[in-house]
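Pasting the structures here.
You will see two complexes here that share chain A, one where it goes with chain B and one where it goes with chain C.
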Partner chain A sequence: MLVLAFLTVYPMAMLLYGSLHSTPPGMAGEYNFDGYASLATAENLQALINTAALSLVKTVLSLALAILLAWIVARTDTPGRGVLEILITLPFFIPPILTATAWAMLGNAQVGTINLAWRWLTGTDGTLVDVYSYGGIVWHMMQYSTPFIFLFVVDAFRAMDPSLEESSRMSGATRWQTFWRITFGLMLPVTTSAFILSFIRGMESFESAVFFGTPVGIKVLTTQIFDMITQRAQPDYQGATAMGFATMALMFLLLVLQSRLLRGRSFTTVTGKAYAPSVTRLGGLRWVTFSICVLFFALAVALPVGQLILSSFFQFFGFYQLDMLTFEHYRSVWENREFWTAFGNTLLLGFLGATATMILGGIVAYITTRTAWHGRRLIDILAWLPWMMPGMVLGIGFLWGFATLPHEIPIYGTLWALLLAYVALGTPVAVRVTSGAYAQIARDIEECSRVHGANWWQTMGRILVALAWPAFAVGWVLIFFGIMRELSASILLYVPDTTVLSVVMLKLWNSGKPETVSVIGLVMLAMVLLFRWVQLRFIKRRISTL
Partner chain B sequence: MRRRKVLGLLAAAPAIAASAQTGDWNKVVEAAKKEGKLLIYTASIGSVFHKKVINAFEAKYGIKVDLLEARASEVRERVRVEQAAGRFLGDLHHNGSTTTGLMQRDGNFQPRGEVPNTRNIEAPYEADAFKIPAEVISYCLMVNKNLVKPADEPKSWKDILDPKWAGKILSDDYRALGGGAVFFVVMQNAFGREFHEKLAAQKPSFSRDLQNSERRTARGEYPIYLPFNLQDLNNLKGLPIKAIVPAEGRPYVRFDISMLKNAPHPNAACLFMNHYLEPEQQLVFANAGYNPVIKGVIEKTIDEIRPLLATKAMGTTDPARQDEMLALAKEIYK
Partner chain C sequence: MPTVTLSGVGRHFGALKAVDSVDLAIKHGEFVTLLGPSGCGKTTTLRMVAGLERNDTGSIAIGGRMVSDAASELFVPPDHRKLGMVFQSYAIWPHMTVFDNVAYPLSVRHVAKAEIKAKVTAALKLVEMEAYAERPAPALSGGQQQRVAIARALVFEPEVLLLDEPLSNLDARLRAQMGDEFRALQRRLKITTLYVTHDQEEAMALSDRVVVMDKGKALQVGAPEDVYRRPASRAVAAFFGTPNFIEAKVTACRANGTDHVLTIEGAGTEGDCRAGDAYRPGDAVLVMIRPEDVTLGAAGHLSWAGTVVDGVFRGPRRTLTVESTVGGQARRFTVECPATRAASVGDAVTLSVESDNAWALRS
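Presenting the complex of A and B:
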């Protein structure tokens, strides 16, 4: 609890001070509510409405699509689903700025590839798509939230005892009724967690809105916060932190709602009885489901990633002339010493951070789902805090928190500062992933283990962790790649020796080298493919031994 | 041990700074070499030219230079909170003149001591007791040569108000700190509010992703982009674009270097400031498209850049009026 409090409450306390004080920590000022009062403007209200609407639409669409894709991959005999499972998660791991650039080239109204093709095919001057719009923002956000939710729910589908569904069918329910009442019903803890995590992330999304919304005047909360912090002569930290807390309060209401929805219901599907995960035979329909997966892959992966691959071999992004073919971008990454330092630091932080976060998340989830301890709700809330505060505000909280620690505590200016921030940022995902998995495991298996003489640690290792292993693996990968992409806290906490990949990518982007950033993005993608392949092989071996 | 060393350095800092102020430059150079390293906080993210100048310094004096790069407001907040917490880590601060001015007001710097090369600085740029001008970002227009015929190229800033460019201008945002805000202030000072009201009627499209905006214009999404950072011209060599400095001149913004309060390596910092103002180093920036701040450099600049740099400096921002101007921009460009 102390660890959790240090990681979450401490930076939040610094931010709360910032929101209630006319100046940031360390400067003379006075306590007041000016920050909160300044939020009550028509512009901010419009930004709030935009943010909530965009996030809701993208989350609902992503959830529906992700559940469909997860069901296809985990519970049907759709051809090639093993490969599809890896491919449809790829967009989540690509830095958003790269897919945004790719989509800006594909879908701009004037000379976007899609519109040029449309005009050539139809002989008209019309515009088929325009990514600089509400639709463009939603579509770009969906490319991250669909694989994110998919990763959350796919293993829950896989771990479900099909006898429950069979019983439903035997009792006369239709395939749809069975899916809705049994399959979807039992998945509620996982789906609601994924929905809320994704909705909150949507409320805090920045890249999609700033890239596709700002040019057409669409404002959201994060662009307003960004404006307060970086776009004014005198940064308004009081207003920005107050807006962060206001957002957090709204998010908190959602959590209460989820808690009410799940209260008093059982979602156990993994029991002591033997079962074999089965697949639904779709017959000819399996080619329809195959086509759905391929279509998603083509739109969300092949198009933007194809642009990235193509661009990495040309002198300029989007200029595909033979005389501009080059390997220069690969060479420049290979010879960039700072890149390799950052790559090493990021891998180290990724491995340590993801592992530590999953351990912490596993413990927190155990306390909140498997014990009757009085403080468990408080722990659950503490673990949520970093997810509810917009990243760019939380980054400031870490900076204020770590820099003002006594100098005898060697955190600021070291890798520890980054590691602790990453653990704090990843903990909500770790807790949600593992608590969703724990909720599916019957308590009688644990009791059985104890009755047969196993101690608590043995029961934890051989029962709970072993059965929740697929969820642990998914959580680890999500957090690992979250660390690889994290910028808001990194830019405020790194020092030259502890530079990380996201900072190097920002530097390259700002110096007009998007092609080099593409190469780094492709390196990250290659790592994802490797990790996911190893992970899925591992999970399948574990499941086959259960 | 490290803490004792840092405290020792802190205690010695005023004395070292004093030695830098005696005018005995050789002593400063020797003391700088003994210090052996330097940490620079810069808002110039990913600048290869900055690194060239640093490499030359490291090679010449054997002093290792570390760079901490972040956006202007992030650099400012890091310095502020570090100093408030008694952590004096950085030696030099390199940032735009607006942020530098505000930090100077807040007491984040210490007097820089004597820097001999300041005598070569040319007007309108000038040094003061805390800072030296470093390099100058100049802004102009960028056109797509495939979409804008030579006869149609804007010759004056007022030419962009021609109705034929309505809906065809991509621009950095005037309502946020940066090149767009510099452009807004300079045009406001030169032509008044009427210019902006007419430009707003042209419905320019705003984006804060400068490099991407330049690429979008080069790809043909828009025929005109403004304000174009001249130093990006080299990055775009080979694309169908052209930089145009209108007859009235170029808006500009100066970058400054200042010595951070209680800098651990004040002599190395002083030496670096002097190195930055050497003609060879200023030529690195000039060839890259930055205006140099010392005399006799533009003449030696490469042919394709020289005529653009040798244009009239039209004006820059006033830190004291920055927020007022941002508010006015918000009012006009809704």
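Presenting the complex of A and C:
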């Protein structure tokens, strides 16, 4: 309880405190509303509109694409659906910073690989794509959010009782009527919930905008906060914090909206029974649907990864001649002390953070789902709070929080700072995954164990944990992935000794070393693939929760 | 006329014949039940009639119109077959109200609003659910969901009604009540009905005719009493209750109407029994005797002396196990008698059976 409060309420309170405090953290100052007053500028209004519009557009597009892909994978006889599903969901696990660097090299208007290839093919000197644009930001966000929504809706498609659709056909409805009035109608709650979550995620997104928006002056809320703290001669902590608090309030409103919309509309079509979903025979069309899936994988994974491999071997990206081939970048990364520090930190934080988060999440979920304790609703809400805090905002909250702690507790500047932030960010996911698993374990199973002579601890260990461990493992891996790709909180809380891979990538990118970034990106990708493989190979449970 | 005709209908999953060449003709207004253990192919047969699955062999005609023919690759999709169906899970759409659920078959056919209102109200009245029209569907009990499912299946006056184990999700008391109500409704509307169940009592109480299925084949088709009292094979006989089977030899055979009367010996007794087919003297037969047809004491046509080895009190009746020595071997009989007949373990009894109640099968 205290731990949770420290992880969630404390940074929020410090956010409010900081937004009213006129000087940077740790210094004496006075309290005023200057921070909020300074927000009311045309530039910030534009940033807010940009944020909302970009997120809305990408969510609508991702949703349409994700539903199409989920339908193809779950309900048609498209060849190779099992493999396609793994390929389609892969971008969800790849850190956005990695695809961002790759697409910056692919879609650069002057020297992007796609444009070079286009000119070579057509003989013109036109430009096919330019990722430094609104379209580029939307496209990059889509690569992450499409599999995110896909994971949400694919099980809803799959686990639906087929007789609900069959009875519609028996009632005289055509296939098309059945899809709209029954299938889609039944999926509306899960679709709405995926839509709002994805929209919130879009508003919190930092990588896409900092890579493709900042260079051409497209501003969003997160980049504005980042800009105020790190890119100015005189960091404007008060303004940034005020903005963070305002953003959080906005997220809160969205979450309230979500729970309003979904009240009493969560139909349990997933009854725990295993159904064999009815499969639509597509005939020749199944190769079209197959191509759609492959095309998505090619654009979201194969192309960016190919670009990283390509540029990691050439002296300068954009100049692909044989005499420019080199291993120089691999050697420089190998000899780079900063890289090794970051690599070690990322792994250490990943293991410790994921473990700590799952333990905390497991306890919280147990208290909220299995006990009758009065404070359990409060704990549930506490664990949910970080969900509405973008990493950037939580980062500022902790920045203030650590700076105001007494000097005997030196957290700022140590790995503890990052660890605490990661645990706070991961807790909502951990609670969701484990409480979902607990809910599936009937209370009788626990009671039966007690009746047969096991004490509470034996029951916990031999029944509950033994049954729920696949969910723990899934949650652990999800949180590990989350920590590996985390950038927006890390960039505010790191110091040179506690740097992590994503931060190193962004710094090297900004100092103009895209080739070195490619090498580090490939190292990260190898780690992602390794963990994903382990997850699929050894934990054959679906990730149905998030 | 809404009849249903299946000829040579089969469904194969690889080498497994889930349904193996089933022939069946259902007359107008008839109530026919497919009865069999789970996995016998009864539900698959129903789903092929519905058009939810394709038959790999044979053809299906509804109301004289061919709806599926494997040979000519003709296949009418389910929405063009004009059927009503009640699913085992009821398949009530949880995102609609009771009214919307029942109105659905009409609204997808673009029926005018006023007519929908009238017909849905009439259908709900039929199943006594008119008070629940505006309830959201998830707020219904199992029995209520079942009524809504029936109203939905009947609302557009289908030619044929299909039911897939509609009573299996209800508790015993409700099951009997809904079964009776349903039978009365079917008689009143005279709607051709194909019903699937694994419950023998349900099948016999509801149907005009029963199709006993096992391993994809239709073993016997007939009126419930025929199938029960005059089974065509040991498998059909054994499907209803726990009959006693006794091996015997035929010494004489004479025709009696459509049946035959056999004189048998060698089963520790001598006497007459009935059979569907003619036998020659010396043929081996298996004589089926239902436990409830065995009486204690009074000398009947076929009789055995034995000792009671077990007795179970079941309320209205008592089940006895009686051991008798037949040809040097101990043989056990299961006997159902009124609970008031006090025969305790160890008592010596005489078992007897009327010759009309002993049915010979080919062994």
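The definition used in the following text is that the second predicted complex is superposed on the first by the 295 of 546 C-alpha atoms of A that agree within 3 Å, B and C clash if a C-alpha of one lies under 4 Å from a C-alpha of the other, contacts with A are read in each partner's own complex, and residues count from 1 in each chain.
Rule of thumb we're sticking to: a contact is a pair of C-beta atoms (placed from the backbone, for glycine too) under 8 Å apart; a residue touches a chain by one contact, two chains touch by 3 or more.
Fair warning: this is a prediction, and the values are worked out from it, not measured in the lab.
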item	value
First, second, both or neither for A:292, with chain B first and chain C second	neither
First (chain B), second (chain C), both or neither touched by A:182	second
Which superposed partner A:511 touches (first chain B, second chain C, both, neither)	first
First, second, both or neither for A:167, with chain B first and chain C second	second
Which superposed partner A:466 touches (first chain B, second chain C, both, neither)	neither
Chain B and chain C contact sites that coincide on chain A, given as residue numbers	none
Sites on chain B touched by chain A in the complex	3, 39, 45-48, 66-74, 76-78, 80-87, 89, 98, 102, 173, 175-178, 205-209, 211-212, 214-216, 218-222, 232, 235-236, 238-239, 319, 322-323, 326
Contact footprint of chain A on chain C as seen in their complex	50-52, 77-80, 82-85, 87-89, 91, 93-96, 104-105, 108-109, 138, 149, 152-153, 156, 162
Residues of chain A that touch chain B when the two form their complex	24-27, 101, 104-105, 108, 110-111, 132, 210-211, 214-216, 227, 229-235, 237, 315-319, 324, 396, 399-400, 403-404, 407-408, 412-413, 491-492, 494-497, 503, 506-514
Chain A residues within the chain C interface of the complex	161, 163-164, 166-175, 177, 181-182, 185-186, 188, 265, 267-269
